[in-house]
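You will see two complexes here that share chain A, one where it goes with chain B and one where it goes with chain C.
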Partner chain A sequence: MRNKHWKAILLFLTPTVVLYALFFVFPLGYVFFVSFIRWSGAIPTGFAGFQNYLDIFHNPTFAVSIRNNIIWALSLGIGQIALSALVAMILARGPWGWRFLRTVYFLPNVISQVAISMMWIAIYNAEYGALNRILEQIGLGHLARNWLGLVETALPAIIIQQLLYVGYFMIIILASTMSIPTSYYEAAQIDGASVLQQERYITLPLIRGILVTSSILAMAYGLRHFEATFLMTAGGPANSTSVMGIMLFNNLHFLQYGRANAIGAVLIVLGALIIVTMRRTIGRQSEEIVAKG
Partner chain B sequence: MKHRVLFLSICLLVVLAVYGDLFAAAQKEGGEIVLTFPTFWVGQDSKAGPIADLVQQFNADNAGKIRVVIEANPDTDGYRTKLNTSLAAGVVPDIFVFNPDPTTFQYYDADILMDITEELKGAWAQDFAPGYIEASTKKGRAKTVPFETGLTPIWYNQELFGRAGLGDFPKNFDDFWAAAEKLKAAGIVPTSQMTGGANAWTSMLWYSHILASISGPEVWKNPLTHPQYVQAAEILLRMYQDGNTTKDAVGGDAGVAGGHYMAGRTAIFINGPWYIGRIKKDAPAVHAVTKLAHAPAVKAGAYGGEIGFQLSNLAAANTKDPARKAAVLKFLRWMTKPENVKMISERSGAMFALKYQLGAQVDPLLKQFIEISSSAKFSVGHFESQYPVAVTQELGQALGAMALGKATAKEFVQMLIQASK
Partner chain C sequence: MKKVGVSAVTIIAKAGKWCLLSFFFFFTFLPLLWLFFSSFKTNFEFLTEPFSLPAVWRFGNYLNAIRISGMPRLFVNSVIVSTCSTILNILAASMAAFVFSREVFKLQNAILNLIVAGVLVPIIAFMVPYFRLISSLGLYNSLPGLIVTYAAINVPISVFLLYSFMQSIPRELEEAAVMDGCSFWMRYSRIIFPLSRLGLVTAATFVFLYSWNEFIYALLLTTSVSARTLQLGIRFFVSQFFTDYTSMYAALVITIIPSMVVYVLFHERIIQGLTSGALKG
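== the complex of A and B ==
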């Protein structure tokens, strides 16, 4: 049965649909289209079939990049969210100075990633970096090394400094935590539950939905990660910290636009698969818990 | 009432902003041709001042008719990326700096660059030193104007050498390694190296010097499968071992390599004349004691060769507007006028593909560049000028792998061959 307001609905929906098609659907389609042509950026040179995909799959750096992107996704999706949740749950208890701490933890999120990365490059520097100096001062000088210049330490060094910036997700989780009625905690306290038990049996189940959503967002960021690695190591040393975003960027630099778009297409498909899987597994379990509750 | 006033104020601001923009656009369209000139010759670059002065003078001389607007892009690698993206999107700046290498010369095949072949055949050609216009001509077409050239001999700190009991720079690698040991014994790190940046610049130049010593002027006729590349890699690897370079060389960029030399932490460095202005300003004490030398020769290799190349050309967007084309050509001729280029050279230390004579008060380091250029037995381009960007970029990664013991010299070259496919 036709909705009598269909004209109004169409009128209100059209601008959004047009913008969505223009800025999302069309570029997405164009990425896949260009991934099948050989294009140097100057003049298109014809249909390449699957050659661009074969070229990137045969590149040894490609496997490393995919692996690193998955490591990033898991590190941020699990590690950073866990840290954010921990900080949020502590702040939700309202300790002294919690409002100040909330601001301090969020502050790095308003600072440019470029500035943050430059700062960490200086901290990690082998010759004059603060980290090595501190290690020497506390008698652990034998641990001092070229943190960003060693295959074993470069990737962990970049990931750790990103994990520490918990402010963004902390704010989201904190808002969710603070919306839980205090009567639940009071009742639990009367029943003799400790703080840890309260957090485990009250807070965590009730914020599970927001934790899942935050985890998915963090994993999406990990899959499209680029800035910190590009600024700090440019994918080195020996391509050990390379991610798909950097491979894509490098191929643009090499005037290999077809290959760059092929990498983009793979990233889109991989990201969609991971996010959909996450939503269907952990997301479904979360919905069931909320429904039962 | 308050909300109404606020709303009206915001509307007024928006209208003024839009009107202001339209007014400005109308001003531009009122007869004056505005040419955009994105460049990295800004900020800390030694040519920033003289280039800005030349543009200002040009604008003053052509007031109301032509106005060149410099768009600052301080980062060289970022500039190139931004430019590639713009060119691929068909958005070509009116005038820009073109980095001539096998990858960028592909743009000659497209219809996006102004073809100046005929203009460069006339009187204008007489201003250029021999060979440069030919080097900028591909398939019979010249689509960029030769401008800045590079020469990258070895720089060494005479004071640090003296402290280690050393005299002149060694002429062969046996003496070089012996000198390195003496420097280390005196608590001085011998060389600045780097695997970072887009092209591992300092180490790439060392690699080029070593290759030139192995195979002489015909070095680049040999493909990557030639044994010269493995032999040179083995020598380059030693520069990263046993404390012959700084601990942050792997992953370090030009700022790291140059910074160590300017801070007096390393004794040996490589760079071109454009760095003279920078070192004079930021490290005058090191500038005063820097001497230049040819690279040491490998066993049974050539000594006295130099790495010389076209560093930056000037290019312009293709246009069907004759007035615009005339304006662009007028500016390009202004920038390549020998007296203007001489001024840039004297103030910045840079060298150019034009014929000009420097004055008596030339910087002592620039004077050394001219002397070493004259004394060079032969000159070849550097590695980056011979291979596509993909190979040069992989050189830094492969060098990092080799320096960290993750790849042998043979595997290092294999990585370059893989990148060339």
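== the complex of A and C ==
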């Protein structure tokens, strides 16, 4: 049975399908295909087998990058989601000014990473940075240091800066929390349940699904993290903050197309693995959330 | 005795609650405020009195920023790229969403799911193919190159948002119009498109903010100031500011303002868009 409008339907789908094919389907195939091609310099020079993959896995920076990506994924997927959920559960009870707070918490998400990163470079700067100045003024001057320039502090400095912007997932979790009928809480209150007990036995089980989905998304973001690190340290000092995205960029920069795509392929496969295994193991519900991209 | 214990717990919980809320408020807001105040100071004042209000509000920093960085050109580029990519994206996605939500055809769900699944793809893995694609289309270092890229990257999210929205529009209106001889094209342009206004604004806000703030592909797909956007300009002109920190902060504030305006005007739409997926769960 054919829809009588099939020509019009085809016409209406064409722009979207063309854009999707060019910018999603083709690149996906391209990344995997070229990851098996020997290609450093202007033109490809033949089939490489798994050589590109062996090359990147033998690069010590790649081990650091994978480790950092895992640290990122866990920090965001566990730390940021826990904090976001905590804030969302407080705001859902409608304290004074909750709408205003919700709006402010989300604010950094509409500002570019370039501006945010440059602001934090100014905060972490060794000589004039706001953080060191505050430490000096409260008598903790001995703690002042070059936060982004030292191997021990650079990675934590970037992660904490990103992790404490809880607005994005807070909004998502808050919506889910606020959709729980108030009658549940009223009934619990009559039975003598405290606020903490209500949150523990009513809210948490009911928002479990959205927490799992948010956590999966946050981990996926941790895996594809690029901008803040690129802008604040470019992977340094001594490659200590490098992530896969930075390595991919550097390989592309030096025309190592084969290796760059091998890293891209690893990134895509790991991302898919996280989503699939998390869904299988702890996520029984399957929600769809709008993602940042 | 028991009663005292309970109220002590309540007080601690209350205090903890407000500590947490104010911590995140200050963490989010104070750095931005600090940046804003610093952008009106002299460099000497910034280095000696970092946390005071500006003694004199020096708007000259803003003139410096505009002059040194060649900002007008970059600003115009950013406006063109963001506006055009939003229009292109919304036109394409709304037509597709209309068809997905109103017609029945083969492979409908397969195609829809495939497109929406695009929101999960790590776009940074596509640096090489996007670079090659845009180069071979002859769009390297051009505004159209960025426009097409941004419009395409946001196709999955827009289709998802608009499809959800159009699903909620009752069909009765359309049926009446079809009885009156309304064509396929007019059902889209005269009925569904205008009725989807709120959904379109939500999707357009997302695409616009994405395009305005995007950095990686602006870096990768352009090479000269003729096609550079504001984000890239800010990044590359840091060296030109050298030690003129406060003028640099003025430049940052200028890039932030349009995002803030969009946010103030449309924050209800943004929140609605983010939660339209969440509520289904």
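Keep this in mind: the second predicted complex is superposed on the first by the 258 of 293 C-alpha atoms of A that agree within 3 Å, B and C clash if a C-alpha of one lies under 4 Å from a C-alpha of the other, contacts with A are read in each partner's own complex, and residues count from 1 in each chain.
In the analysis below, a contact is a pair of C-beta atoms (placed from the backbone, for glycine too) under 8 Å apart; a residue touches a chain by one contact, two chains touch by 3 or more.
Owing to the predicted nature of the structure, the values given are computational and were not obtained by experimental measurement.
Undergrad: Which of the two partners, first being chain B and second being chain C, lies in contact with A:Ile202: first, second, both, or neither?
TA: neither
Undergrad: Figure out whether A:Ala82 sits in contact with chain B (first) or chain C (second), or with both, or with neither.
TA: Touch status of A:Ala82: no partner.
Undergrad: So, A:Ala188: does it touch chain B (first), chain C (second), both, or neither?
TA: neither
Undergrad: Per the contact definition in the header, classify A:Met278: touching chain B only (first), chain C only (second), both, or neither.
TA: Neither partner.
Undergrad: Could you say whether A:Ile37 touches chain B, chain C, both of them, or neither, answering first, second, both or neither?
TA: Neither partner.
Undergrad: Quick check on the superposed pair: does A:Asn146 touch chain B, chain C, both, or neither? Answer first, second, both or neither.
TA: first
Undergrad: Looking at A:Leu252 after the superposition, I want to know if it touches chain B, chain C, both of them or none. Which is it: first, second, both, neither?
TA: both
Undergrad: Quick one: chain B or chain C, who's touching more of chain A?
TA: Residues of chain A touched, chain B against chain C: more for C.
Undergrad: On chain A, which stretch or stretches are contacted by chain B in one complex as well as by chain C in the other?
TA: 249, 252, 257
Undergrad: Name, in rising order, each residue of chain B that touches chain A in their complex.
TA: Touch residues, chain B against chain A: 80-81, 84-85, 87-88, 103, 106-107, 109-110, 112, 195-198, 246-252, 260, 265, 388-390, 393, 396-398, 400-401, 403-404, 406-407, 418.
Undergrad: Chain A touches which residues of chain C in the complex?
TA: Per the stated touch rule, the residues are 13, 17, 20-21, 24-25, 27-29, 31-32, 34-35, 38, 46-47, 50-51, 91-93, 95-96, 98-99, 103-105, 111, 114-116, 118-133, 148-149, 151-157, 159-161, 184-185, 188, 206, 209-210, 212-216, 220, 231-232, 234-235, 238, 245, 248-249, 252, 255-256, 259-260, 262-263, 267, 270-271, 273-281.
Undergrad: If we count contacts the way the header does, which residues on chain A are in touch with chain B in the complex?
TA: Per the stated touch rule, the residues are 40-43, 59-60, 125-127, 146, 148-151, 154, 233-239, 249-250, 252-257.
Undergrad: Spell out the residues on chain A that touch chain C in their complex, using ranges where they run on.
TA: Touching chain C from chain A are residues 3, 5-6, 8-9, 12-13, 15-17, 19-20, 22-24, 26-28, 30-31, 34, 86-87, 90-91, 95, 101-108, 110-115, 118-120, 122-123, 128, 130, 133-134, 137, 164-168, 171-176, 179, 195-196, 209-210, 213, 220, 223-224, 226-227, 230-231, 245, 248-249, 252, 257, 260-261, 263-265, 267-268, 271, 275, 285, 287-291, 293.
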